[in-house]
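Both complexes below contain chain A, partnered by chain B and then by chain C.
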Partner chain A sequence: MGLLRYTAFRVVQAIPVLIGITVITFILANLAPGDPVRLMLQGQEVDQEVIERVERQYGLDRPLHERYVTYMVNLLQGDLGHSIHRDRPVTDLLIQRAGPTLLLVISAYAFALVTAIPLGIIAATRRNEPTDHVSRIVALIGVSTPSFWIGIMLILIFAIQLGWLPSSGLVYPWRSPAHYGYSGYLELAFQTIRHLLLPMVALGTLQMATLMRVERTQMIESLQGEYVKLARAYGVPERTILRKHAFQVAQLPIITIVGLNLSTALGGAVLIEYVFNINGIGRLFLEAIQSLDYQLIMGITIVIGTMFVIGVIITDISYAYIDPRVTYGDRD
Partner chain B sequence: MSAEPLLRVEDLKTQFFTDAGTVRAVDGISFEVYEGEIVGLVGESGAGKSVASMSLLRLIESPGEIVGGEITYKGETIFGLEEGPDGELREREDMLTNEEVRTRIRGNEIAVIFQDPMESLNPVFTVGSQLREFIELNRDLSNGAARQEAIDMLREVGIPDPEERYEEYPHQFSGGMRQRVLIAMALACEPSLIIADEPTTALDVTVEGQIIDLVDELQQKYDTSFIWVTHDMGVVAEICDRVNVMYLGEIVEQAPVDELFYDTKHPYTDALLDSMPRPDRTVDELDPITGVMPEAISPPSGCRFHPRCPDARKACKRIHPENREVARAEGYPHRAACIKHDVFGSDYEESVPIENGAGADQQTPASATDGGRGESERTDGGEHDE
Partner chain C sequence: MAIGEGQMGDRSGGPPEDVEAKFGWRYTFAKVMQDTTARWGLYVVAIVLLISAYTMIDSNLSRLTFGAVSDFTFAEALPIFDHPERIPPPGQGEENVPPAFHADGSLSNPLGTDPSGRDYFTRIVYGAQVSVSVGIASTLIGFVGGTLIGAVSGYYGGRVDDVLMRMVETVYAIPPLILIIVFTVFVSGGTPDITYAIIGVGITFIPVFARIIRSEVLSVREMDYIEAAKASGVKNRNIILRHVIPNSFAPVLVYATLQIGVTILIVAGLSFLGYGAQPPTPDWGQMLNVSHGYMHSNVWLSIWPGLAILITIMGFNLFGDGLQDALDPRIDD
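Up next is the complex of A and B:
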């Protein structure tokens, strides 16, 4: 019950944040320099009358607040407006492009977690030994190297020099094998992974490096806890101490970082999609900015903002679920 | 006593090898624990009490190491060295392996209660599951039986509604209640010896009283032996049968509790007792021990207490006294490591007092009451001495 109420409470709390996101995005998009209608006409000379007609058609002649209200009413119905530049509903564009981005971000996180947690634990148990020093250097490089550069290097090495992996595009596991001309689902899965590998590593390295360091610090702290001393004194095997007693406590900050770094990961996805030529939301975003397609810019910003808010809520809830000390607000 | 002791510690040495040098945290201590008794290990912070007690379970973490001595428990060698053919010291063959210490000694034979009940329980597991885990590990009980035992034990240590509390997390317990849980853990594993490492230090005085009463009661019921580590002479007086006073890694005095209090043989013990408020004496001002305990990295020459000792003489700087039997009481030896006793046959009597501020502190202040108090206590102690 407590958890359910807490969830509802967090969702309600998020509403003002979401409204804030729409207001700021709307104002910023409209303050941006450049006139979308003129941009659409790409420098062609047209009558003032034509411009006014187009403006009327898209409601650009009305005052800002009126346009905001209309926008919000449409938004609540799932309509994010119409892309002037592409002449298609923004919602359709987003749905079409969301899959690749989610696939990329989720796999990058999976990669980061699967590598960072064991490596962090190993570094913690071999504190100040060579393994630990190596992991420290790897983490430092991982944190300080831009993901797009890692992406380019990976392409140079694994796609161009060695020719092992493809350098661009993704294969989507939700499409039928026939679409790509593959023999079956096994090949589809294989190709999906082959295509995903490089962008996943490029995007996940930063997360991996951060998480690994946090995991190490947390495990060291946890292993020095009195409860670990007590477990040892009662003859609990060292493996159990590591896997259960120390581990469980050490994971709490990891969850926080995963949740909060979601924005970094989505930002990184923009660059990685560009480098690897993936048709995701990130690339769509870049194209939208270049063409000043502000209905699309707003749509993407709102969707990414909302995803981030959802990420934070999920973090909070899972925290409350895992750490019994987090109260749900209905206790002291 | 004629009976074999449950635990015998002989010349135990535990050292920490740090960058600054070797810290001789425990430097050759010997004591015994017999069945059913509570043995106190008393001293200031840093005297080596906790290191000594953790050595008994071989739970010394790097850079620390037990480097010498012998620990025998129920005839088994927890730690013991012998000289190898190459003249180097090596571990004795009958010494228990790490795995044997873990499975045969820790928990099921020797259990511990730690100082800080707030930190000793794992915050993310329920109190019951932690209790059950230790019981399952140390006793041959099925899952259900271990759970029942855990609940029974919680009830035994005075936790109300144990069935409900079993499912709760440590943060839902108060400090005193958590310490009760830790006591329940120790008793539930049915050990013969429990090491209580300052178990009441983190608690307020009323709760401390309750916990001491509880332990006293349960100790009699289960006839478990205890090693009670503390810095509080008041607690010692209340609960211990016999006492070891530690100073800078050494045991300087060892005696049954009444004997220790009424016939103190070591100036350090005297100083400890003087620095403590006592209901049987009214003083204007407490008499703290002057100075701070030196570092165990470079202990003073001779008697380690001589720089702070009011009775220190030249000879004390030179002679390092071992803990020798100076009297007998209740069938136990009364040992003290101070050369002013005749058994040492030193030239203490002829030696000149040294100026270390400890003695002067009691005499130089011109106030008559102060001097008078110092005087009367001295003779008070003297009467018992002769």
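Up next is the complex of A and C:
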């Protein structure tokens, strides 16, 4: 019960932020010098009459607050407006491009977690030994390197010099093997991984480095806890202490970091999709910016902001679920 | 009283000398210098700052000396430097020369030349200027904006706090890179420029600074001296500016140092996508954008700017980490 109430509380709390995102995006897009239509034409000479007609058609001649209300009413029905440039509903465009971005971001996180947690634990248990120093240097380089440059370097090494992995595009596991001309699902899975490997590492390195640092600090702290000392005194094997006592407690901050870093990961996806030619939301955003397709830009910003807010709520709830101090002992 | 004052110091309320010494600037600096990695970080930061200060003076000095038309730089007088922006006329200056250690390279272009025939080493050196000045300028915007919002929010509390914090969370919810690009493009009316990028990056950093200062202010505002100031009728505005902000400063300052590294990282990405520094200005991110088209023909072009970014950010991070440790009273040497 406590957890359910907590969930509801977090969702209600997020509403002002979600509204705020739409307000910021709306203001940015509409207070720009020159009206959207002129901005979109980028200096091309067009009759005043045509401009006025287009403005009327998209309701741009009405006052700002009226347009915002209309926009919000449509938004609540899942309609993010119509891309004037592409002559298609923004929602359609977003749904079409969401898959690759989600695939990329989720796999990057998977890569980061799978590498960061063991490395952080090893570094913590062998504190101030060579292994610890090496992993700290790796973490330092990881937080100091631009993700897109890691992508470029990976392409240079593994695609151009060695020719082992493809340098652009993705293979989507939700398509049929026949679509790509593959023999079966096994080849589809293999190709999906082959294409995903480099962008995944490029996007995941920063997350890996951040998580590794946190994991190391948390494990060191956790291993100094009273319960660990007690377990040691009782002669519990070191392995069991690590696995059962120290590990669980140390994972809590990791969950929070994963949620908060979603913002960097989604921003990084824009760069990685650009470097690796992946047709996700990030590339769509850059295309929209280039053509100053303001409805599409607004749609993408709102959707990505919302994704972040949902991500943070999910991590908060899972935190509450795992940490008995928050869930009123509501666990089995 | 005179006898034993030294020993009594620890308990008698007044700060004893050896404890007070732990918080001075000199003490902090000494502690940073004791830490090997932090010291190296500081060296890197100092070198990068010196280089960018020199190049900044150089390019402006030549403008002052010769007027806006001349694009002479004093560094050109040295044999290892070329002009960072001027494209050599056809026939002079070979394009895409590999670095000096390569068989086809030469010492006159230590890092080779770019696709326009400009010396890459000069461009890398001059590129420090943009990264560093943007990093510092936008961190400053975030710092000042965040400090004001955080202080007001924490000091007044209640509804003011609620409204300001929801606003801050909203800005925080949109990924920085996306918010900055949207801001830059719309506010500039479709012609992005580094000035808009600086302001945009600064705005996206307001939330983090505001949160840190707010949590500090929450404890500072309960202090007796705030109570005293209120009782003697000092205006709220003056209490915030004279007492609350100065006393909540230290953690934000450390954070600002660490933030410069993050800023350079974001600006590099922004320039890489074409929304930061514009050509022909040498900038590491923008150079990587150009080199992206030459990945098959000239590998070196993609390597040097990235290394420059990596080393600079690493310097700021190492120094920032060291500073954090030095200012943390819990960590003892």
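The rule we apply is simple: the second predicted complex is superposed on the first by the 315 of 332 C-alpha atoms of A that agree within 3 Å, B and C clash if a C-alpha of one lies under 4 Å from a C-alpha of the other, contacts with A are read in each partner's own complex, and residues count from 1 in each chain.
What we mean here is this: contacts are C-beta pairs under 8 Å (C-beta built on N, C-alpha and C of every residue); 3 or more make two chains touch, one makes a residue touch a chain.
Only a predicted model underlies this, so the values are computations on that prediction, with no experimental measurement involved.
Asker: After the overlay on chain A, what do you see for chain B versus chain C, clash or fit?
Answerer: Chain B and chain C fit side by side in the superposed model.
Asker: Which of the two partners, first being chain B and second being chain C, lies in contact with A:Val249: first, second, both, or neither?
Answerer: A:Val249 contacts chain B only, not chain C.
Asker: Could you look at A:Gly235 and tell me whether it touches chain B, chain C, both or neither (first, second, both, neither)?
Answerer: first
Asker: I'd like to know which partner A:Ile121 touches here: chain B for first, chain C for second, both or neither.
Answerer: Touch partners of A:Ile121: none, neither chain B nor chain C.
Asker: For A:Gly225, decide between first (touching chain B), second (touching chain C), both and neither.
Answerer: first
Asker: Please determine whether it is chain B or chain C that touches the greater number of chain A residues.
Answerer: C
Asker: Answer with first, second, both or neither: which of chain B and chain C does A:Val171 touch in the superposed model?
Answerer: So A:Val171 meets neither chain B nor chain C here.
Asker: Please give the least Cα distance, whole angstrom, that chain B and chain C reach in the superposed model.
Answerer: Distance of closest C-alpha approach: 11 Å.
Asker: Indicate the residue numbers of chain A shared between its chain B interface and its chain C interface, in ascending order.
Answerer: Common interface on chain A, chain B vs chain C: nothing in common.
Asker: Residue numbers of chain A touching chain B in their complex, please.
Answerer: Its residues touching chain B are 225-227, 229-237, 245, 248-249, 322-325.
Asker: Please output the residues of chain C touching chain A within their complex, sorted ascending.
Answerer: Of all residues in chain C, those touching chain A are 166-167, 169-179, 181-183, 185-187, 189-190, 261, 265, 268-269, 272-273, 275, 285, 288, 292, 295-296, 299, 302-303, 305-306, 309-310, 313-314, 317-318.
Asker: Could you please specify the touching residues of chain A with respect to chain C in the complex?
Answerer: Per the touch definition, chain A meets chain C at residues 16-17, 20-21, 23-25, 28-29, 31-34, 39, 42, 140-141, 143-149, 152-153, 155-156, 160, 263-264, 266-268, 270-271, 274-275, 285-286, 289, 292, 294, 297, 300-301, 304-305, 308-309.
Asker: Quick one: which bits of chain B touch chain A in the complex? Just the residue numbers, please.
Answerer: On the chain B side, the touching residues are 57, 59, 102-103, 105-108, 111-112, 114, 116, 119-126, 133-134, 137-138, 169, 171, 182, 185, 189.
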